[in-house]
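Next come two complexes, and both contain subunit A; in the first it sits with subunit B, in the second with subunit C.
Up next is the complex of A and B:
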């Protein structure tokens, strides 16, 4: 435990010092750090579900999209202040989780994956067709960034530290939640629903709370994305984005909470490097994804465990 | 009244196209438990291939034939190289096919560009026919698509339920070991199913490229349609796909025709409503 804790503290110190350590901070703090934190929080909402309920959801961008669009529409079209628009957006995104959860949680495995993908693609086609509300394919541009206590979060460093604070808070809360009796009950549901039912647990409410909590995280990430990208369009919730997010989760390690941030950082760096060589970095990301799925399905965080298992198996065979 | 019948015809012919699109998906899943989420990308690829063939040779039938066959070969290769090893891990296979669709999406954008295309209808099929009872006439080609879908539906159903090969396929899925013991090469059967399913999506893509324009983003649209169809109808059943395509096509067209802004919401509400009562889809089996 102390080893894990010191690793976390070291990573935290590095994350705080990051803007002062990297070369070319104008690029890397924003396009590297803030972007990785935003994508990491979105991916975390997915890993949390996968780790605790065993459900792989492609619906997280739906919640992000709902909250992102509400921030964009209320602040650009109606000039609503952040104090109102941000809570409203997060609330709406979270509540949409109740509706989606109501139908999606009746399914499992690959059905759940398909259903949540259909939900996200449905928002994409709605955003494309409902031009009066969403301005169609062009989307909503120049979303103003928040100014709190005189600090303008459009600037690179304030935004980075705000995102870091949000990411650490959510990550710590997820860890805390997993250690409560609620979190342990969730793992029980994941591993054996029938036994948990026999023990008197009510399965659906447990799943629903976890699902709505993940929708809350995704909604917060949606607001982060609106402020980071400063625009939102149907492509923000399109097929390619959905798969991109999945790549982050799987490459980092879908059964580890930290995998979301490891994956996000890796993909951000990977894309930045590949972009220098070829404009087809999306295809390169797809190839990386397939390779990871075929060779190391537990992702980067799971590689050492995979090696250990493989070696144990080899030793066992040798005996 | 005219508007109503016109919308209904649009819905029905679109339902025919959706059936062709989703039948390959459901065939492969129903028989092999493999879900191919690169389905939309396959559809779009077939569209590009057939468009180019028709553009070069001026032969529409050759375009459709090559579109269907090349997708059959491509799909089989994807299955052999990437999927076969993990065939019994449903989720892993589904994720790999999503990776394939990511690569295909950008590959097609690089090769064919961002413009939209539509294959021209062969000349002898391009006329409109009058619809009895109302004042308008309707494109013959679209009505042919509807009939084509019905023929494919009946053909598939007969093939799976009434022929020896169909029996082998069904048995091979239920008990692979037993069927192998009877001297049948189940692995070869699976390859043929994947080929057939991919030919179906290639066929659908070539037909759809003629009835509707296609281009960047069409892959996501048709993946959504086929997911809606199989989720509503029930995954793995041909009849379910027929019902699902009918609902998504007809209700979708009425929504677009009468409430264009809300069209996405209406189809979605229908999906939610059906799943609230039947989580496995209308004809789906509980597993």
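Up next is the complex of A and C:
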């Protein structure tokens, strides 16, 4: 336990010192650090569901999109202050999780994946055609950044630290949630629904709470995205971005909470380097995805467990 | 146990190594003897066909000054986008923050242009020169002091088309079918403004998504009592629409958005039959018979590069040449946050291949516009015939959304 704790502390120290260690801080703090944290939180909402319910959702960008669009529309079009618009956006995104969850949680596996993807694509189409509300394909530009206690979060470092704080808080809360009896019940549902039913648990409410919680994380990420990109357009919630997220989750390790951030950091850095050498960097990312999956099917976070298993197998074979 | 830990640590080391290497090997040299120009071009996605034409225009302009200004070498750093605002912003940030470019050249598509124009306010030390993005609001809403567009917006490209349709060709009732994004909005808006003012009526409007592959429902929904169809579609969409219009036996004449009748479309004669014949349209590219010393020279340069005049090569060249002319005028002096350079760009005047160019107070160009008609070339193909050249077309104040009736085009 202490070893795990010291690893976390080391990572935390590195994350805090990051803006002062990198060359080209203008670029790396924002397009590296802040971007990885934003994508990491979005991916976390996906891996939380996968880890605790065994459900892979492509609908997380729906919740992000709802909250992102609400922040954008209310602040740019109506001049609403962030103190109102941000909580409103997160609330709306989270509540939309109840509606979607009610429909989607009745399905499993590939059906769940398709249903959640359909919901995301529905929002994409709506955003594209509801010209009067969402400004269509052009999207909403010039989303201002929040100013809290006189600190303008548009500047790269404040935004990075704000994102870091959000990421740590959510991550810690996820860890805590998993350690509670609720979290253990969830794992029971994931592993054997019938047995949990037989033991007297009501399955749907358990699943619903987990799903809505992941919608809450995705909604918070949606607000982060609106502030980071300063623009929201239908492509922010489209199929390509959903698949980008899936890549991050799988590369990082879909059954580990930390995998979301490891995957996001790797993809962000990889793309930033590779795009200097080739314009086919998206294809290069695809190749990286395939290589990681071939060498480490459990993702980067799963490598040590993979080694342990290989070692145990070898020992077993030697006996 | 020990071996296992070594293996684990080695892997962790490799991952950390990749991350750290990424941070270290990024080039960050910024010698004073070079001028860095970041170049955004939508070489991925719907405009992949046209995007390289902008590069040809840029290269011709660079060649004319041998890529040097007052002894400083001009370095171009290109990034590919896919016509979406999100990726254009991401790439622009990368060029500015990581590559530390002095000037950002681009982007191609309307919505990208709006996003980049807004972003330019965040980077007052960088000068932004648009390539071909033509949505009106990039310059006539919240104009940014460091964003320049050396060509007309899409509404300017329609300047005079509506009047000719009504007065000269006698079209009274028109139905609109156009791609659903900012560029066709402005393009159709510019048409409808002139057309409605002359006395015409917009009977109906349909806005299919960019990249639609089947227009049969839209064609079926066209009203019967119309004199002409305004088709604001481009590239592959236009070919598909014209092909189906031909199959459905639509006999109504067409009024083309600026991108309806470009080389892609005219080259697809076998597929689209005579559907494009007699189409009128307007845009920044002159008809085939146009000639001026500047245009003839430019056409020869394009021919040497293996292409001809089209929206992308023409605007790519004019934008690049303007950007470089400003640099030449101030001898590459970008000191004091580009103060001299921007002053030179704001008052730039020159004889472009397509006529005289000057700038308005929002740093959008006042240029000539060409109205033409598609006619048979007598050998089974199409060619364009000039109807009118409109000079000194300036940007209006309107930002058009979907124009569904004349009431939307005031």
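We adopt the following convention: the second predicted complex is superposed on the first by the 311 of 319 C-alpha atoms of A that agree within 3 Å, B and C clash if a C-alpha of one lies under 4 Å from a C-alpha of the other, contacts with A are read in each partner's own complex, and residues count from 1 in each chain.
The rule is simple: contacts are C-beta pairs under 8 Å (C-beta built on N, C-alpha and C of every residue); 3 or more make two chains touch, one makes a residue touch a chain.
Because the structure is a prediction, the values reported are computed rather than measured.
Student: If subunit A is used to align the two complexes, do subunit B and subunit C fit next to each other or clash?
Tutor: Aligned on subunit A, subunit C clashes with subunit B.
Student: Taking the superposition on A as described, I'd like to know which of subunit B and subunit C A:236 touches: first, second, both or neither.
Tutor: Second partner only.
Student: Which partner does A:117 contact after superposing on A: first (subunit B), second (subunit C), both, neither?
Tutor: first
Student: Scan A:194 for contacts with subunit B and subunit C and give back first, second, both or neither.
Tutor: A:194 sits against neither subunit B nor subunit C.
Student: Quick check on the superposed pair: does A:129 touch subunit B, subunit C, both, or neither? Answer first, second, both or neither.
Tutor: both
Student: Which partner does A:307 reach: the first (subunit B), the second (subunit C), both, or neither?
Tutor: second
Student: Going by the contact rule set out at the top, does A:22 touch subunit B (first), subunit C (second), both, or neither?
Tutor: A:22 contacts subunit C only, not subunit B.
Student: Can you tell which stretch of subunit B collides with subunit C among 25-33, 61-69, 115-123 or 169-177?
Tutor: Only 115-123 shows clashing C-alpha atoms.
Student: Mind sorting out which residues of subunit A both subunit B and subunit C touch, each in its own complex?
Tutor: 129, 131-132, 282
Student: For the complex, give me every residue of subunit A touching subunit B.
Tutor: Subunit A residues touching subunit B: 56, 99, 102-103, 106-107, 109-111, 113-115, 117-119, 121-126, 129-133, 238-240, 243-244, 246-247, 250, 280, 282-283, 285-287, 289-290, 293-294, 297.
Student: Where on subunit A is subunit C touching in the complex?
Tutor: Touch residues, subunit A against subunit C: 22-24, 26-28, 30-32, 128-129, 131-132, 136-139, 141-142, 154, 229-231, 233, 235-236, 262, 265-266, 269-270, 272-273, 275-276, 279, 282, 300, 303-304, 307-308, 311.
Student: Within their complex, state which residues of subunit C touch subunit A.
Tutor: The touching residues are 3-4, 7-8, 11-12, 15, 18-19, 21-28, 43-44, 78-80, 84-87, 89-90, 93-94, 97-98, 110-111, 114-115, 118-119, 121-122, 135, 142, 180-182, 209-210, 401-402.
Student: Contact residues on subunit B for subunit A in the complex?
Tutor: Contact set of subunit B toward subunit A: 35, 37, 40, 82, 85-86, 90-92, 94-96, 98-103, 105-107, 110, 217, 219-221, 223-224, 227-228, 230-231, 235, 260-265, 267-268, 271-272, 275-276, 279.
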